[in-house]
Every structure is written in C-alpha cells, then in structure tokens.
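What follows is a set of structures for review.
First subunit A sits with subunit B, and in the next complex the same chain sits with subunit C.
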Partner chain A sequence: MQRKLTPYILLVPQIVLTIFFLIGLITGITQSLGVIPAFGLREPTLFYYKEILTKPDMVNSVLYSLRIALFSALFSTAAGVLLCALLVNGCRTKGKMMRIVQLPIIVPHVVVALFAINICSQNGLLARLAYAFGLIGEQQQFPALIYDAGGFGIILAYLWKEIPFIIYFVIALMANIDGKLGEAAVNLGAGKVQTFLRVTLPLCASTISSGFLIIFVFALGAYELPFILGATTPKALPVQAYIQYTHPDLRNRPYAMALNGLIIVISLVCAGLYFILMTRSQKKLAGKK
Partner chain B sequence: MREEPEKAVKKRRFMITDIILIMFVLAIILPVAVMLVWTVTERWAWPDLWPQVFSLRALDGIFQRSEVLTKLFASSIIISSAVALLSVAIGTMTARALVLYEFPGKGLVYFLTVLPFMVPATVFAMGVQITFIKLGLNNTVAGVVIAHLICSLPYGVRLLMDGTAAVGARLEEQARVLGASAGQAFFRVTLPILIPVILSAFCMSYIVSFSQYFLTLLIGGGQVKTFTIVMVPYLQSGDRNIACAYSVIFLCITLAVFAIFEKIADRWSRNTDTAFYT
Partner chain C sequence: MSLRIENLNVAFGETKVLHDLCLDIADGEFISLLGASGCGKSTLLKSIAGLLEAGTGKVLIDGKEMNGIQPQKRGTVIVFQDLRLFPHMTAGKNIAFPMRIRGVQKERQKETVSRLLGQVQLTGYEDRKIREMSGGQMQRVALARALAADPRLLLLDEPFSGLDERLRAEMGELVRKLHRENRLTTVLVTHDKQEALKFSDRIALMSGGRILQYDTPRNIFRHPINREVAEYFGRMNYIRDGGKEIWVRPFDLRIIPSGEDCRVKDIVFMGETAEVTVDTPGGEVLCMMTGSDLEALGIAPGDPVGIEIGRKTGMAPAEGREKM
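And then the complex of A and B:
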C-alpha cells in the first residue's frame, strides 16, 4: 500500500506547479474565446480568432513570427547537425571545444540582442568591415540587418544561440552511436559519409527533430529578441499580444489572448509531436541495448 | 602512385573541416570579444575598427552606484539560485517517481511535466498573471521564483530522469537488503552518484531563470529587479558601454556561481566512487 502511494507523494510539488501552469493556459484559452466575466464578457465566441486572422496588421504579425521561427529552427538545426557531425568525426566532443559550444547556452537572450546591435547594426562591426574593404561608401549603404521588416537580425541572433544548443542537445547521442554502430558499419565496408547518412543520422533523427521543435516554438513565442531587435511594423506575435494585453481599453484583452491562443495551438501540436518523438526514441534506444 | 591523390583529397577534406570549425569558434567568440572591448570604450566612432578613446567610465559609473549594484546582484542571484535549488529538489523527486515507479496516469504526468518546454513563457505569463494577482504573488520575489520555477523545472526533470535511469534501483535495493532505511539508501547511495547530473540540472535551471525577461517583467511588475530587467532600458536607449559592462559583470557572476556550486558538489561526492555512474 505504502509503495503504491510513494510515486504520488514524490509528485506532489510537481503537480502543484503543473496546476499553476495549467491555470495560466486555461485562463488564456477561455479569455481568447471572449469570456472575461470581470469585464462583462460572458458569451464564448470565435470572433477574436477571426479578427486576428483577417486584420492586416495581425495577419502580418502571425506571418512574421512564423517566418522567423521556421528559418531560425531550420537553419540552426541544419548547421548544428552538420557541425556536430564534424566534431564527432574529428573526435572533438569533449574539452575546450565543448566549453566554447556551451558559452552561447549560458548567455541570456537580452545579451545576445546586445551582440546583434554591436555586430550587425549600421554602426556595427560588420558595417565597419564592409567600409574598410571598400564594399560600401557610407554607413547608410550597409543593409539594415536589425530593426528591419525581414527579421534578418533576429534570425541571426537566434542562430548564434541555437546552433550550439542543437550541438549540445545531439552530440552525446551522436558520439555514442558513431562510436558503436558507426564502427561496425565501417568494418562492413561503408564509407564515412555513407555511415553518417544511413546509420548515425536516422538513429539521431528523433532527437534532432525534437531539438528543431523546441527552437521553433521558442522562437515563435519569445519576446526579448523581436522586442529589442524588431521593426516597428510588422510586430512579432508575442510583442503584438503584449501591446493588446496592456491596451488601456480592456476589451482588447481577448485579442491578446487570441494571439496567445494561436501560439498555444501551434505549441500543443509541437508538444504532441515532441512527446511521440521522445517516446519513440526512448523505445528505439532501449531496443538497441 | 595511387595513394598520393587519395592522401591529398583526405588532407584537403581535413582542411575544409578545420576551416569550418575555426569559423564557427570565431563566430561564437567575436561578439563576446567585442562586448569586452566596449566595456572599456569611451569613443568608438564610425568607421574605425578599433576604439579611439578608452576609459573606465562605464565600469566606474556602475561601481559608484554600488548600492544599486549590490541590490540587483543580491536579488538576481538569490532568485536564480532559489529557482535552481528548488528545481533540482523537485526535479529529483519527479524523476524518481517517473523512472522508478509504475503507476496509472504516468504518461499524462510526464506529458504535463515537459509541457512548459513547449508552451512559451510569454503565453503562460499573460494567462497566469491574474491568478498571481489574486493570490497576492504578483510584484513579489516569491511570485517570480514560482513563475521561473515552472519554466526551468522541465529542464531539471529531463536531465535528472536520464541520471536516475542510469543509476537505476539496484544499488538502493542492495542497501535496503543490508539494512539501510529508505532515506539512508537514497541519501547515502543514490544521491552521491547523481551529483554530476544534479550539477548540470542546477546550472541549466539557473540559466533559464537568469535569462527570463518577459516573465520577470510581468510577474515582478517592475518591482522585482533582475539583471535582464535593468539591461533592456540601456539597450533601448543605445547606451552600449553600460549595457556591455553590466553584461560582463553578470556573466562573470554566473560563472562564479557555477564554480562555487561545482566545488560544493565536488566536496559532497568526494568520498564516493562515482564510477558506478555508467
């Protein structure tokens, strides 16, 4: 009897915190459906969702954020996996190299925004280098990488932070597989590249995909970088949501929540995928043993 | 004859790999180096590649208002350390429940445990603020700690689950057979072996808490000042020297905190053979 209760007792603090989290989610979802009794709004409606998906400035926010999230996640995953493969191949999975890889992980996004301003702005190091090499004649000729409508600076900043994250996330598994199964494949006559593409990569696929999902959802919902580095228009989803949230007219609150609701829907889909991927990879790796 | 071109190809491939890796390392280090230069820069006008005038104005300015700095220092570090310690403690308990026991609803609990990984803090913050206000937790340090904890716990749990699974239950069972109580078996056998994982979980949770801006802004209401809350206005006003100086100081502090906890963890597990951890 006691043993049956043990896991639940161990889970008490976790469950209390989870309840807090769920209250936040559920409040957000009900408010996005226009139900805020305190403001006299009682009837559930999909009106606010329709609005955010038709009003031009809101649609632009949605597309802008989706683009930033997709490009950041795609490029950092691709580059991260490639670099990871090079590191594993060169047996540099420990020591100094890993210390350097870990550096961006401990740097907060706010500081990464500072880096982007120092390096990529029209007064930054890249612009100065372009001038020094005679590529541009004056400051204004340097393309606006930050505060730009394309979100290029934001994506660059995410890449600086997330490529090392992917390496950190994947390298232990990749090194392990490469060491054991990779060697077997090479012994059986496969080339290095062939081994990587047909043995190592497929076995790391679920971990890599979950890394991709984590970055995608993070870049979709994070506030700091688009707030500091973003253009005046279009505004990123979370920035737009916060503007509506703090709008003096409290009836704008449901717009904020509908924008958040959109993020929740996308993140829940990703969370489902992540969960499936993790369970599958755990099974696969367990089966391997 | 046939070997030579092959060798050349191999050599060239190594060269390309090296160049890519060197560029990667440079790309990581360059912004950090530029930040270090900015902290001691007075004037760095277009289009020079190196500052014209150096000075310690930014650092002096920060250290002169040492009262502000100490306060900020204390609140930032106390909040993040508290979050990290709680995350490790709760994470260890959750990990044990999820790894070593079978019970109905386990899949659901695991899903809910890792869910904050996937739902951005901004969404959670805007939804939960009203509840925090009702509970009187808004604008308080305790409220910020709870909010941060919810976001950093998934990292702690994930890492500690791997650790707990690797240690397994066998050693503890053996200790029990030899007459140890359940508590003794955990604290004297499993915990020392878990120390390296606990340390990573601590660092990860600390970083997640330390990096939060939006959540701190909303739940702390501007009353609870942490590093990020102080930084952002400087970034917006374009005061780069001060922003860089603050960043350098706080990154150094973070590294120092990690070093201290590594020492503590080392001392704690010194008498134990960690080779069991495989």
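And then the complex of A and C:
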C-alpha cells in the first residue's frame, strides 16, 4: 500500500506548485477579460485585447518586444552555434575553456545591465576610450548604444548572456555527434566544413531551434533589461504591463493582464514547438520510429 | 594497394597504446588483426585511416608516407564497430554520401547506390530509413557506404560484433565476396579467431600494443612462436620428451585402447565433439575427438589406454624463442 502511494507522495510538491501556478494563471486570464468584481468590472469582454492590439503605443510595445526577442534569439543562436562549432573543432568542450564560457550564464541580468551602462553608455568606458583616442570630441558624439528606440543595448546585453547559454545547451550534443558521426563523415571523404553542414548541423538542428525558442520566450517576457536599458518609448511588453499594473486607476489592471495574456499565448505556442522539436530530436538521435 | 607500417608508436596522454609496431600488407591481401579487447587493434586501424595522429613511426600507402595527410585524402575507409550510419538519411542517401561529397553526378550516384545495394543483397532499399532496418541490414548498408567511397584500403573494425552467429558467418562471407569482386585490400579487426582463420590471407595477432606473430592462418595455428600465440588459437598440451618439450593440440593426440601406461581420468561428451582427460606418466593430457570416434573407442573413466601423438613436428617452439 505504502509502495503504491510513494509516487503520489513524491509528486505532492510539484502538484502544490502547479496549483498555485494555475490559480495565478486563471486569475490573470480572468482579469485580462475584464472581470475584476472588486473594481466593479463584472462583464467578460475582449475589449482590452482589442485595445492592446490596436492602440498605437500598445502595438509599438508588442512589435518592440517581438523585435528584441527575435533579434536576441537569432543572433545569440547564430553566434552560439558558430562558437560551439569552433570549440568542438578545437576539442575544447571540457575543462577551463568551458568554465569561462559558462561564467556569463550565472551572472544576473541586472548585473549585465549595469555592465552595459558602464561600458556602452555615452559616458561609459567605450565612449571615454573613444574620447581619449581623439575619435570623438564630446560624449554626445558617441552613438547611443543604450536607451535607444531600436533596443540595440538590450539586444547587446542579451547576446552577452545568451550566446554562452546556446553553447552550454548545444555543445554536449554537438561534441558527441562530431566525435562519432563526424569522424565517420571525415572517414568517408568529407572535409570539416562539409561534415558540419551535412551531418553535425542537421542532427543538432532540433536542439538549436529549442535553444532559440527558450531565448525568444525569455527575452519576450523578461522585465529587467528592457526596464533598465530600454528607451522611454516604445516600452517593452513586460514594462508596459508593469506600468499598467501599477497605474493609479486600478481599472487599468485588465490592460496589464491582457499584455501578460499575449505573452502567455506566444510562450505556449513556443512551448508546444519546443516539445515537438525535442521529441523529434530524441527520436532522430535514438533512431526510433 | 599496399600498406607498410614502420615502428609506429601511438600514445593517449601518458599511456602508450602501440609500441614500435611494424606491418606489411601486400596489394589485394585480406588481413586480420586479432587480439583481445584493448590490445590496440582499433587504434592501429584509426592510425592507418588518419583519424589518430601517430606519435612516431611511419604509415606508408603504396610507398607514399601518410604522416600529416588528412583522412579524406588517404584512400582508406573504416567500417566502424557501431556502424555510424547517419540517422537523418535513408539507406540510399547514406550510401550516396561519399559520392555527394566528391561531387559525383546525381544519375551516377543513383546507379552506384543501386549497384551497391544489389551487391550487399538489399535491392530496393534505397528509400528505407535507417531506424526501420535490422542490425544485419544496417551492417550491409555500412559496407555499401564504405564501398561507395571507392576505397583503396577497406578497414573493418569488428563490424559483426553485434550479430548472432548465423548472421556473423553470412556477413563474413559477404565481406570476403566484396573483397574479391572489388579487388580491395582489406584489414579486418576481430577478436574471433575462427573468423580470422576462415577469411584471412594472413593474421596479425596483437597483444599489449605489439604484434606477436604475423603469418598465414595455417602457420600461425600450426607454428605459433610462443605459448601466448599457441593458446590464443586453442588449447595445447605441453608434453616433456626427454630434455625438450613438445607442443601438441588436443585433436592431434590419439587414444589407443590397447595401451596400458595411461589411464582415462575424465570424459566430457559435447555432441559433435568430446574431450578426454588422460593421466600419463609425464602428466595429464587432454585429447579431443569427434563424438562418434569416442563411441567407437568405447572407453570409460578408469580404463587403461595408450596415447599416440599424431602431429608434433610443427608444434615444437622454435629454438631460443621461448623458454618454458
């Protein structure tokens, strides 16, 4: 009897956490549909979703966030895979080099934001160096790398954090494929580039895509970097949601929840894709039907 | 093509795997590298293929030194123990891979894939996914893929180790056939002595990163240079005869029912064959015979018998090679 119950008892912490998560999720979705009885909002409506998808400042926020998330994920993945290939090719997939690569992963995003300000702002280290070498006459001449409407500073900070993440996420698989199937390809006459493009990359594709999705979803929903390094306008989705949530008029709260709802929908689609990709990757590598 | 290895040394860190290894393989020969796991067979194969850098020594293919030459330019192809078929490609695409790399025209690729699949008895399997194939079929695809690379030297790294006995024999025959038909020079790594004796022109028996003996199957079995080689290929009786020792295989001893100086100690009947242990004045010896010969002899434990040595000339160790 006790044996039968053991798996369920072990699952209790997970179940409790899931219940709390679901309560929060359901409350958020309910509020995004304009139902907050305490504020006198009782009728369910899609008005707030329509608003965030049509009001210019809200639409700009959505596009701004999607752009930052897309570019961060895209460039991180491309650079991460390239560096990963170089590390695998140089047989540096373990030891000191990997510890150095992993270092940025454990640095909090807030600290990365401070690095970015100290290095990339118009009175940061780069600007001072440019001034010292006579490249600029005054600090205003240094390009606005952060607080810019294009989100360049935010993307730069994400790259610093997420390129190592992609390397960490992909390198074990890539090293394994390269060590066995890559060796087989070389043995059959392929050069290193051909081996990478025809064997290693296709077999890592699902894992690389999964890494891309993780960064995309994270960058879409993360608050710190857009808040610290972002421009006054447009504001990223999570920043906009926070502003609406803390708005003095409590009846603005459904806007915050609708913005969160949008992030949740995109995240769920990505989670579904992630699941499909990982299942496919496992099947491909294990050679199962 | 011919292969010559001169004083090859390979080490992994501090551990030396191959020690001053020398080997000569003539064009068109089928050679087996035989030895226990960890003796350096696969390391030697990878060094020949250029997948491992030699420490010191030379690998010469057709007289040309291969040190520093990239694997894809050596004309050697390994069929790995774990086959390493590309799981994201069909059988046909796996076989076509070396040709795609070389930029062979698609029509010719198709023809060659079809021909090779025929050679390995898998006609019509072009579009079959690797994961939908049995172990034996995958072995055949791996062989066909290796042949598609047009190798001058085919290196087989225990490719049949995962197969059952019947399939092993079948695959062995197939490899021998492909070797003849494609006029290849082939090196087979194996730890199965029967496989090596059956298929090879010459056998190199390895131990501890060295070649103990390199000879024809008949010679290595009949004239082993030391006890280690002798015992690798089967059991051996060491019979003292005056001041010297004679080596005799159990099958080369004949039991004579009329003798009196020896006595049957034990009989183990194994169907087709039987083992008879006999106490002799010089010590215990083991005789092997067919099951029907045992029945015809009609002996039982405790019976007095005589022993006749059928073949011993070739079994004595060469003088000065090993003291026993």
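In this text, the second predicted complex is superposed on the first by the 277 of 289 C-alpha atoms of A that agree within 3 Å, B and C clash if a C-alpha of one lies under 4 Å from a C-alpha of the other, contacts with A are read in each partner's own complex, and residues count from 1 in each chain.
FYI, a contact is a pair of C-beta atoms (placed from the backbone, for glycine too) under 8 Å apart; a residue touches a chain by one contact, two chains touch by 3 or more.
Please read these numbers as outputs of a predicted model, since none were measured by experiment.
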item: Comparing the two partners subunit B and subunit C, which touches a greater set of residues in subunit A; value: B
item: Contacts of A:Val199 with subunit B and subunit C, given as first, second, both or neither; value: second
item: First (subunit B), second (subunit C), both or neither touched by A:Val265; value: neither
item: Partner chain(s) touched by A:Pro108 [first = subunit B, second = subunit C, both, neither]; value: first
item: First (subunit B), second (subunit C), both or neither touched by A:Val186; value: second
item: Contact residues common to both interfaces of subunit A (with subunit B and with subunit C); value: none
item: Of all residues in subunit B, those that touch subunit A in their complex; value: 17, 20-21, 24-25, 27-32, 34-35, 38, 46-49, 90, 93-94, 96-98, 101, 103, 106, 109-128, 130-131, 146, 149-150, 153, 157, 203, 207, 210-211, 213-214, 227-228, 231-232, 235-236, 238, 240, 243-244, 247, 251, 254-255
item: Residue numbers on subunit C that touch subunit A, as the complex places them; value: 49, 51, 71-72, 76-78, 80, 82, 84, 86-88, 97-98, 100-102, 130-132, 145-146, 149
item: Subunit A - residues contacting subunit C, complex; value: 180-181, 183-191, 194, 198-199, 202-203, 283-285, 287-289
item: Touch list for subunit A against partner subunit B, complex; value: 4, 6-8, 10-11, 13-15, 17-18, 20-29, 31, 83, 86-87, 89-90, 92, 97, 100-101, 103-111, 113-115, 117-119, 123, 125, 127-129, 131-132, 139, 160, 163-164, 213-214, 217-218, 220-224, 227-228, 238, 241-242, 245, 256-257, 260, 263-264, 267-268, 270-271, 274-275, 278
